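Letters A, B, C and D mark the chains in the order given here, with residues in each chain numbered from 1 onward.
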C-alpha cells in the first residue's frame, strides 16, 4: 500500500531529426546526463537528480515525435498484476525483452486508444544521482550544467479517444483525475491531467484528431528562479520558445514551453500543489481555458492547440 | 494501486497551556484557518490549502506535548485491511467513534513502541481550500494571512524503541525509509525519516529515553522566500526561534524551527527532493549529523537533541 | 557630492478616464496607499515603502496619458542651481507654486523636446513608510495589500527629438546613458535608458513621431517571486496584461507590462544590475532589440512599439 | 550632480596567512575572477559583474586583517577637490603613485580616526564583466563559478572614535547616515551605516577599543536563493560560517557571515531597501540590536561583537 503499483514516468523515447545536434541540445543546453548509446544508435539521458539509468531516449528519424513512454512500477509482482488487469480489461499487451532498452528489465507494452504506445516496467539499473548515499551534499555541479532539470516529470499527449484512455488510467492503473477541461458545450472532457502520486500530473491528454501525438515532455525545475534561468539559457542558445515564463492556472505550475531542435516541445516547470486521490477534481470550463493555460495573460495561445509532433 | 493505503498525515492533537493565546498564535500568527470547536473545548484548525476539515487540534492542558496523530487512508476498505494487518502483527487497536473528532469518521487507534498514540482514519469532511473547484485562482487572501503554510507536512517524534516503530511503518503500513542517522558507533539507527508517498518525510523518529515526546510538527511553505517571510513574522510576533532559516542536509529541506507559546516546537519548511519506494536510503553518520541538521553551519544545535514536549 | 542634484523620480501625474475606477485599481489592485485628494479632484498615491507624500497623481480626463512628471532634487540650493543651468542652456522654466501639488514645495517646470512636461522640486512632506524610524520591522501589512510595489521606479516616454532630450539629461541634469538601442541602420539612437543614480534607469525615451506620449510607468517589486504574484493578482482582477512575466535583455530587469483601466501601461519589475556613471554604455542593435525586450522569447511585441497613451 | 564625488567602494586589500590557500578560496570557492599578480606578490580579484580591474587584493602576512580600502570617485577633478577638502578639514593626505596597485591611477590616502587607512582614486582600468557591451546576455558562466557575488558591496570596520569618522564621511565625503545603533544608555552611536549612493551601506563602523580592525567585507548576491546557494557552497567546502542565512533587521539585508581561511570575516548578502540622502536615519536602540542583527532569531551573537581581524 502507500506508494504501490505504478510509481512514475520512467522513460520516454522521442524521434529527433539530427542525432548529434540533439545530443548537444539535450546534453549541453538542457543539461541532461548522457548515460549510454545502444547498438540501434539510440542515445540515453537522465536528469541529474534521477537515480535510474535513463529517462529520455533519442532515436534519429526523419520525423519528430514520440515512439513510446514507460512508467516504472514498484516491483515485478506489481508488473504481473497490472499485466493481468490490462488483459482482463481487454487491453492487449506485449512483453518487450529485458535489455531492449539499456539497463532495463522486461517491459509490458500496450497501445492506448489515443494512439500512443505505453509501457510498464519494474527494473532499471539504479546508477544514482552522482551524490553519495552516505552524507550527500544537496546538489553538485551537474545541477548547474545547462538548464539541468531535476527529473522527467510528465508528458502531455494529443490524440483521439481520451475518454477511453481515462478509463485505462483510472480503472486499471489506479491513477486519479486531478484537473480537466470541458469542451465548449460542457458535455465532454477535452483535456485531462492524471496522477498516480501526489504530483499534479504524471500524464496528461488532450483530445485531438490525429493519433499518437506529442504535445510536450515536461522537466521539473526546483524554483521559479530556476525557470527564469532556464529561459535565459534558452535565449543564449537560440532555443525556440513557445510560451512563458508564466504560471498555469491549471495545476498552478510555473512554466516555459519551448521546442527542441527537431520541433518536439518540452516544458521546464516548477510548482503546483499536492493532490491526493481523495481530492475533488478541479474543472476548467472552455471559456476559462485561456486563464488555465496562461494565468497572467489569460491567452489561449494558438500554438498550444495546434502544434504537436 | 499507485497511491493506496496510508495517504498522508491528516491530523495531530497537541496540548497547549493557554487555549486562547494558542488560538491567537495558530490563527493569526501561523495563519491557520479555524474550522471548529467541540464540546470538549478543543479548537480545530487547517492550513489554507488543505481540503479536509482540520489538521491541527488544540487541547488545553497543564503540560505541552502531543496527544495523538492520525494518518488518512484511502478508503474504508483500506482502513479495515490495515486494522487486520496491525492485529496480525500483534498491534492492539481500538476504534475511536466517528464524531469524536469533529467531521471525522471512525479512527483505528494504536500505540507505537516509542510511546506515541497513532491513528488511521478514512473519512473527514472535505471543506475545501476556499477556492472553487471550477476555474480556481492559484491562491487567495488566506494564503497571506500570517505565516500561512500550505499543509501539515509531517511530525518528528522522540521516544524509545524506534527500531520497533520502523518495523510497523515498513512492514504493516508500507512506508519506506528515506533517510536515517546512525549512532556514534554506527551500529544503530538513531533517527529515521519515513515516507508513505514521494515526500521526503511523512513522519520521523529520533531515539530518546522518554516515551511519547514531540520534537516538532512541520508545516510546508511554498518557497524559500516564504520561509524568510515566516521568519520575519515570527520576529514581528516575538515567537521564540530555535534554528534557521537554514537548509537541512538531511532531506535537503529549508527550514525554521520555532516554538509555539506553550513550548511545542514547529517547523516552517520548503523543498527537499522526491523519493520513491525504489530509492536507496540515504544514510548519515553521526559525525556528519551536524551537517545533516544545519547544512551551512554544520552545527549540532544542543536544543535539537534535548528540547522536546 | 556623492548623491547630489537630481535624486530620483518623485511623482508622475497621469490622466484616467474614470476616477473612482482608477482609485480602486491603484489602491486595491496595485496596492498603493492613498494619501490625499485636492480641490481639483486629483487623487494622490504613494508606494508603501516610499517616504514622501506621494508619487502618483490621478487626474480625471477624457483621454488617458501623462500630464507631467517630477524629479526630486537634493535641496533648494540644488533646485536653484539646476534652474540656472537650464536657463543657461536655453530651456525655459516656470516655477509652479508650493502647494499646487499637495504637500509639495515649488516646482521648476520645463518642456522637453519630446513634448513631455518635466519638473524638478526639492520639498515634499515626508510622511514615512508606515514603519517607525526606531527599530522598524522590515515590512508591514501594506506591503502585501495588492501588488504593493516598493516604489515608483522610472517612466518610459515616447516622443520625437529624443537626441535633444538626451543632451538635457546628460549635460544639464547630469544623468548618464546606461543602455541604448540603435536604429535599423545603426546611425541613430532610437531608445535611451538614462540614470541619475545607480539604478539601471531613472527615465527612458523611445523616438516616436507623436509628442508627449506615455509608454509606461514602472513600479519596483522586491523579487522575481513578487513579479509572479503581481501577475496572479492582475489575472484575479482582470487586468489587461501586455507582456510577461519575462526578463528584459536590456537592463536585465524582470517584468510584466500591463494596462490600467484607462489604458495607461504600467510595469511591475525587479532586478537589473547596478551601473555607475563611469560605466560604458550598453548598446543594442536593432536586430537584437527583440531579445533586449523579451529575453527568453526574443520577440518584438507589436504593442511595445505602437501602443502608447 | 546626481552621482558625483565618491561613487563606491572600489578595492580593499586584506592580509591572508597562506596566499595559495587564499587564492583557491577566493577564486574557486568564492568564485571571484583573478585579474593579476604584482611584483610584491599580491593577488588581485574582481567579482564577475564588476567592470574595473579589481576589487579585492590579497597580501600574504603573518596576521590577518585589512591593510586599506579605496573608494572610486567620479573623475580626477573630483579627486582633487576631495583632496583639498580633506586637507581643509585637517586630514593629512598622501598621494600613492599610479601603478602602485595594478591598473590603478594615483590614490589619495589618509588615516581615519578609527585607525583605518582609506583611499580615494579616480582611475582604474575597465576590463569589463566578460559580457560584450553590444547585445549582452544577462549573465555568463562566471556567474555560477563558486559563490560568485556580483560585486564588492561594503565593509564593516571596527575601531575607536567612530564619531570622528562620521564627521569625515558626512562633512567631507558627502555620505549620509542610513542607520545607526545607540549605546545602552542611548547617549552615543555605537554603530553607523553610511552611504554615498542609494545603497543601504557603502561603509559601516562599530565603536571598538582596538584600532583598524576588519569586521567583514561584504559581497552582493542577486537573490535570497543565491544566498542559500552560497551557504551550500560554504558547507561543501568546509568554510566556517558565523551567522545565517538570516535577515538583518538593520538594512533589511539577507545574509550569511563566514570566515575566509585566514579568519577574515566576509558576508554574502542580498536585499535591503533604497535610501536617499533626504531620508530620515533609522535608529536602533541597544536592546533591539539583537533583532537588528539577526531579525528572525533576535540573538546578539557573541562573535559579532568580539571576533575581528
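Going forward, contacts are C-beta pairs under 8 Å (C-beta built on N, C-alpha and C of every residue); 3 or more make two chains touch, one makes a residue touch a chain.
Which chain is which protein? Per UniProt: A, B, C, D = Metapyrocatechase.
Predicted model only: the values in this text are computed from it and were never measured.
For the pairs A-C and B-C, the larger set of C-beta contacts lies at A-C.
Of all chains, the one whose Cα centroid sits at the greatest distance from that of chain A is D.
Computed from the mean C-alpha positions, the centre of chain B lies at a distance of 47 Å from the centre of chain C.
Once the centre of each chain is set as its mean CA position, chain C and chain D turn out to be 31 Å apart.
Chain A and chain C have Cα centroids separated by 43 Å. The set of chain C residues touching two or more other chains comprises 137-139, 223-225, 232, 235, 247, 249, 291, 295. Chain contact topology: the protein chains form a complete graph, every chain touching every other one.
Interface residues of chain D, counted against chain C in their complex, comprise 1-8, 49, 51, 72, 74-75, 78, 81-82, 126, 128, 133-139, 150-151, 173-176, 195-199, 222-224, 247, 249, 252, 271, 273-274, 276-285, 288, 291-292, 295. Interface residues of chain C, counted against chain A in their complex, comprise 224-225, 228, 231-232, 234-235, 241, 244-247, 249, 254, 256, 291, 295-298.
Those residues of chain D that touch chain A in the complex are listed here as 137-139, 144, 223, 225, 232, 235-236.
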